[in-house]
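Below are two complexes that have chain A in common, paired first with chain B and then with chain C.
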Partner chain A sequence: MFYASSLYFTGAEIGLSLSALVLLLVAAWGGQKTARLVTILSVAALVGATIFSIHLFDTASVEIAGRAFGDLYRADAFGSFGKILIYLATVAVLIVTPRFFDHRGAYRPEYPVLMLFNAVGMGMMVSATDLMTLYIGLEMSSLASYVLASFLREDTRSAEAGLKYFVLGALASGIILYGVSLVYGFTGTTNYDAIRVAFAANFSTGALFGVVFVLAGMAFKVSAVPFHMWTPDVYEGAPTPVTAFFASAPKVAAMAMLVRLAMEPFAGEVDSWRQIVIFAALASIVVGALGAIGQQSLKRLLAYSSINNVGFILIGLAAATPGGVASVLTYLVIYVAMTIGSFTALLMLRDPSGEPLDNLADISGLSTSRPVLAWCLLALMFSLAGIPPLFGFWGKFVVFQAAIQADLVALAAIGIAASVIGAFYYLKFIKVMFFDDATREVEKHSPTGHWTVLVICVLIISPLGYLLTIPLGDWTTRAAASFVAVM
Partner chain B sequence: MEFPILSLMLAVPLIGAIACLFLPAGTARMVALVATLINLLLGAWLWVDYDIGGAQWQFVERAEIFAGFSYALGIDGIALMLIMLSVFLMPICILASWEGIKKRVGEYMSAFLLMEVLMIGVFASQDLFLFYIFFEAGLIPMFLIIGVWGGDNRIYASYKFFLYTLLGSVLMLIAMLWMVNEAGTTDIPTLMQFEFSSNAQTWLWLAFFASFAVKMPMWPVHTWLPDAHVQAPTAGSVILAGVLLKLGGYGFIRFSLPMFPDASAQFAWFVLALSMVAVIYTSLVALVQADMKKLIAYSSVAHMAIVTAGLFAFNVQGIEGAMMVMLGHGLVSGALFLCVGVIYDRLHTREIARYGGLSTNMPRYAVFFLLFTMASIGLPGTSNFIGEFLALAGVYEVSTAVTLVLTTGIILGAAYMLYLYRRVAFGTQVNEDAARMSDINVREWAMLAPIAAAVLWMGVYPESFLAPMRQDISALEARIARVAPDFDSDLTIGEPREHAANYMAGEANGEGAH
Partner chain C sequence: MIQTVAFYLFSVLVIASAVMVIMARNPVHSVLWLILAFFNAAGLMVLVGAEFIAMLLVIVYVGAVAVLFLFVVMMLDIDFAELRAGFVKNFPLGIAIALVLLAELVLGIGAYRAGMIELGVASVATAPVLSASNTASLGAVLYRDYLFLFEAAGLILLVAMIGAIVLTHRRRPEGARGHQDIGKQVRRDPEKATVMRQPEIGKGIDL
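Then we have the complex of A and B:
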């Protein structure tokens, strides 16, 4: 019975792991020609995992709380919500990936397999309720990411990105492990519930150091300032589809992991970590906005944009209320749609010979050469800037609402004022596309798969997205309710 | 369930906007014109159907389709008048761009129709956040209108417009979130009766002021306006001056005054001071402009200062006057920009010195231009006279000194407008190309004549426009009267002298008797 329920709750991860192992064998024996088949099967496996997670989300209740393997792992509504988002983002990235590598003849069946292993790791990250599970999930996801970053082996920039990511990622993992060891040393346990109980009894300076180190490592993973330096370099160097992936799914996983850490084991010490989160939030908003201003590379620009967005998400976390958690999840949904949409549009920008266009100057006058694509990008950029009536505004709206309800008025006021700086470079994007004259020829046609992903993302962030506010509110509130029993 | 006329007024231009994106130039122009004319008819129906003296909020619609706020529409007399102004100016804007805009016509028309949706939405919203969404969304089409179809320095102007107004607005959002958290409702009519604590009112008022002062625009945050006006295409300037500038005044009437009466009274001196500076300073700046559009832009800032002064007089005349100035200025400055557009289309310069003696070769044009110049000065019989007179009468009840300064501003207004007119229409014809320009054609007639008629109507029989607003303005006055500030006007009635001034004691028959 114990194993049966444990296996049931971890069904998504188990299913994905088995599919990945089988597909790895297919790839090993079938070789290069199976790339397409393996990709399709991987997408199928991820869709299956999504459906299973939706089922778990529907049935999850606070009573059973989905505890598996002696509370190492919890398949609650929060975890399922995070996983659904992660799997869907991964599927979207897989759909738009092959064409990019095909142009260089570099697509290999190992790519989707690595994505699957990454998805397993990310699933563990959001569901971990023990510092050990958390670390295993984190490393599983990270290791796959390092390989993906340097997937274009011939390309020095890709290799550099992978190496950079690996070295700095290892450093962050070390910081997290050091924090974990301190927390373990002062509480004698790695289980979330037990840590909270132990902290409630006695929260010493040493334990505070542990919390700070763990949070610092987490800040690295979500690329919050001051641990953001790797982001622009890795995003620029990595192949564009991989960058799209890094900016979406792993960010969701890391953010969900951070939220769970903050709201479960560290829930009693809100006052200790809130100032750290507030600092990281404001610094991310400002640095993300200022850093982007001088950038010419579109990928670097989007990298700074993601730093900027992380700042807003952290404002929701700083509220440290169920409403704050719900706002973080809402923001993440909208953020994923905006990010995947932007990168898909970026992947569709190629010159007639198939070379990717990735500089601001390359897309000048896009509104005359590719009007539909330009209007989609316009919507995405205004949405990222948080201008209503686009749906990106709703993300900012809910996090600021959560902050106000938690009485953090000054934080909200400074945060929103700083968001105006960010608007500047999103406007630059639009200015180049709409106000300038065309300088380069652009490929006229893009494949249906790309269009499908882009149109879905744009529909979500369009004003039609507001019709989603009621169901989205319900789902995120249910997901956030996973922590109510704890708090 | 009533017929959802307000939703229909939002839907018609919205559908038109989407259609225009995909249509070729000629069809897009037609679609835009038809859509705006339908909206004008709907607006006329709205006005006819509006029950003067009836319920405060009419044509109310409500649908709970969003989380956290609702789709709630409804108008009072103030909103009705401003919606009328918007739907009236819109077809004229489309006509103004008929020949002037040659590139990307579909997208241009689409942006204008979108603008119309958002403006009607702002005035008709009964939900705080719905209002904010419409209010803020207007930045997007305006940014594109200035940036894509504007003049030489359009990129700088579009950035300045966007970032300036965005920075002003975002703090208002935080204030709104706080208010909703405190009051537990997003319903504007309920919030208008809600009593916020006096301390909170100060902060909330300042946050709203940051937004409305930029939109208005008030000195010293008016600097985006001349740039935006000069660089925008003609129709863009008309919409900016005609309707977008009214958003600030509408915000003061709808939010700042009724929701934060204590804070409004506390800051009344501040607003009056800024208004005084604005009237004098921007009028002097307007006097020395060499660019026609810039001159009119600065005159807008001066007129808007009279609006703010009237609003913060806290009495019925002041507020009625402010509303009338807004309506009148919407028509007149729009018409003046159209007049500039007419000659700009022919000579492609806005420099005053390049013109001269136009009354010789363009007599009909000169008549229209004269009418609107006079209306801008506030000549009796034109729309602006009613508004300026009422507003100044309202301010006079509060402060004589402020009135003195504001009236000086009006004299300066006469100076710069007449000076402009003399240089453009009178004198000798110095440039041959200017002397060869043809008089206005049928399309331009169709643009200017309706505005001229409305200007005269408003000047001769303002009751049509004041009647729908009267009840709402007295309701507003009733709410803010208790805090009305008392400045240097002494309203106590003095004792009359016993005798006339030339009375001489002891002489029964007085002067002249022999």
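Then we have the complex of A and C:
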């Protein structure tokens, strides 16, 4: 065991943990007034971790697998790619957060500290190559998320969201743990490589049960149908910046964890898990699209939209090829940009007194009161619907391409047909903004931080994003190549 | 020879104190008998060479759990007459449950004698850790092989603690109900804190 290399490969997590501990002390001694300072320093720590992950991504190769601590953890290209995305999403959320809480005087320095611990947990999830690392990373991230969901503790809806998330999340963790114990019982190991070898020798019915339980728990974490029921309630009740976070970074982490699980330990049992993933994918697309239609709350609408998007991502996973993994990563990048962009725009919608607006009726006539914001939202909604000149189309395109290359033509065809249903409520959103008369007065100015995040997201999903297709293709292919050596 | 003597001594004491746990009328005595049972169980563990479990029994069960029980029991307001009231009524039920447990025990031992069931075979054999005491081997696994996970688990506990404090701790404003001024509490002196009154019979008292 080489501690030096282990510490080097886990550098991002260690750096983030240490900064979180120091910032916790700053918060404990400095009190309330350090909230802004702690936020800025947390952003700096996350940027540092991002740079380190970019470095690991650059130097990663199939030979240097980045195995740390006796293969409990692997800092390969796939893991680094996921982490870069997670850290950047967390930074974006931290930038747009303080203003929301300031209005209620509820912002506290523990918020960025919990975000940092959450990022540590998510990094462990993405890089886990042992079921125990996976579980510990998942719990660290989830536990911080439960607290963040109920951070507005004076608000009963926020408390309800936290409690709901906690109870159902604990149930999902229990399901995963049960599956893990079955897998361990039938293979005698928790290491991914060793599990694959053991499954290749003998894949019994009991082990299949284990795999199904683990996948069911994962489906809960990525909020795929039929384990999606918590999503709209939690997303609606949680403070809006926290919802933006839930819809972006933890989803990337859970999805990357699921992909690694499917492509490493369970890689030999594709036929066993593919039907589950296909069912979850199609059900998510349909339920996400139909559920969103009647929603009046914008946060609930975006929650269903995220369920819908998870369905498309799972189609890429169902392909079970390196191309499929690359398409999942491409979709995730675009999805994060669209989600963060939409929620930032949502955070910029306030009435003159600073109350957040989050009803569909509140945004009527936005094109006259705040034309730039309305046009940004138009681009984001068209992109989420997957309408061609925008980059959201590219994500759907690569996913379906991967499915067709893996001979899953029927899946791709049903997916494309169902994505048309989804277009309906995105278009309704745009219709309300552009063709209805204004009912509420809207705050005219938003701070630069929000604008920066929004403009970056809109630029990525705008037709200009197509300039990214070639480098993005390269990066995702490199990341997906982490699994080629394994398969 | 000495092992045999020690074994029977510990065993008899475990069983006797376990019986006393349920027989003792006073719950505080029950807990004290429980502590004695734990100590003797620890002795049995030492005899079979599981010194780490023996330490855990003493440190965790005696040191923490039993003392916690003791506090809880001392705080309870127990009416002993009521406790015994349902005994005769529930006696047949208790006997029935005891018979079921006895049958289970007999069946279990019989099944064990007949050979164990193969539920599943681990495909990867793990090498047994040799030539080290229990404590050293456990330490090696926990702090060397799984150091990363051990530290991460510590961070999870920290996150849980931060969460609990964030969600429940509130600084109460000066003058509000529940506001605590520690300096003022420390400065308090007995002369000012206590008053002597002689209330007249049948009249209220004005504090």
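Criterion: the second predicted complex is superposed on the first by the 486 of 487 C-alpha atoms of A that agree within 3 Å, B and C clash if a C-alpha of one lies under 4 Å from a C-alpha of the other, contacts with A are read in each partner's own complex, and residues count from 1 in each chain.
FYI, contacts are C-beta pairs under 8 Å (C-beta built on N, C-alpha and C of every residue); 3 or more make two chains touch, one makes a residue touch a chain.
Values in this document were obtained by computation on a predicted structure and should not be read as measured data.
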Which of chain B and chain C A:Val197 touches, first, second, both or neither: second
Partner chain in contact with A:Ile387 - chain B first, chain C second, else both or neither: first
Which of chain B and chain C A:Leu427 touches, first, second, both or neither: first
Chain B versus chain C as contact partner of A:Tyr466, first or second or both or neither: first
Chain C versus chain B, contacts on chain A by residue: C
Contacts of A:Leu72 with chain B and chain C, given as first, second, both or neither: second
Touching partner for A:Ser419 - first (chain B), second (chain C), both, neither: first
Partner chain in contact with A:Gly30 - chain B first, chain C second, else both or neither: neither
Partner chain(s) touched by A:Gln401 [first = chain B, second = chain C, both, neither]: first
On chain A, positions contacted by chain B and by chain C: none
Of all residues in chain B, those that touch chain A in their complex: 21, 65-68, 104, 107, 129, 132-134, 136-137, 139-140, 143-144, 147-148, 154-155, 158-159, 162-163, 166-167, 170-171, 173-174, 177-178, 181
Contact footprint of chain A on chain C as seen in their complex: 119-120, 122-126, 144-149, 152-153, 155-156, 158-160, 162-163, 165-167
Complex interface listing, chain A residues touching chain B: 367-368, 375, 382, 387-389, 393, 397-398, 400-401, 404-405, 409, 412-413, 416-417, 419-420, 423-424, 427, 430-431, 434-435, 466-467, 469-470, 472-473
Residue ranges of chain A in contact with chain C within the complex: 1, 6, 10, 17, 24, 68-70, 72-73, 108, 110, 113-114, 117, 120, 124, 132-133, 136-137, 139-140, 143-144, 146-147, 150-151, 153, 162, 185-189, 194, 197-198, 201-202, 204, 206
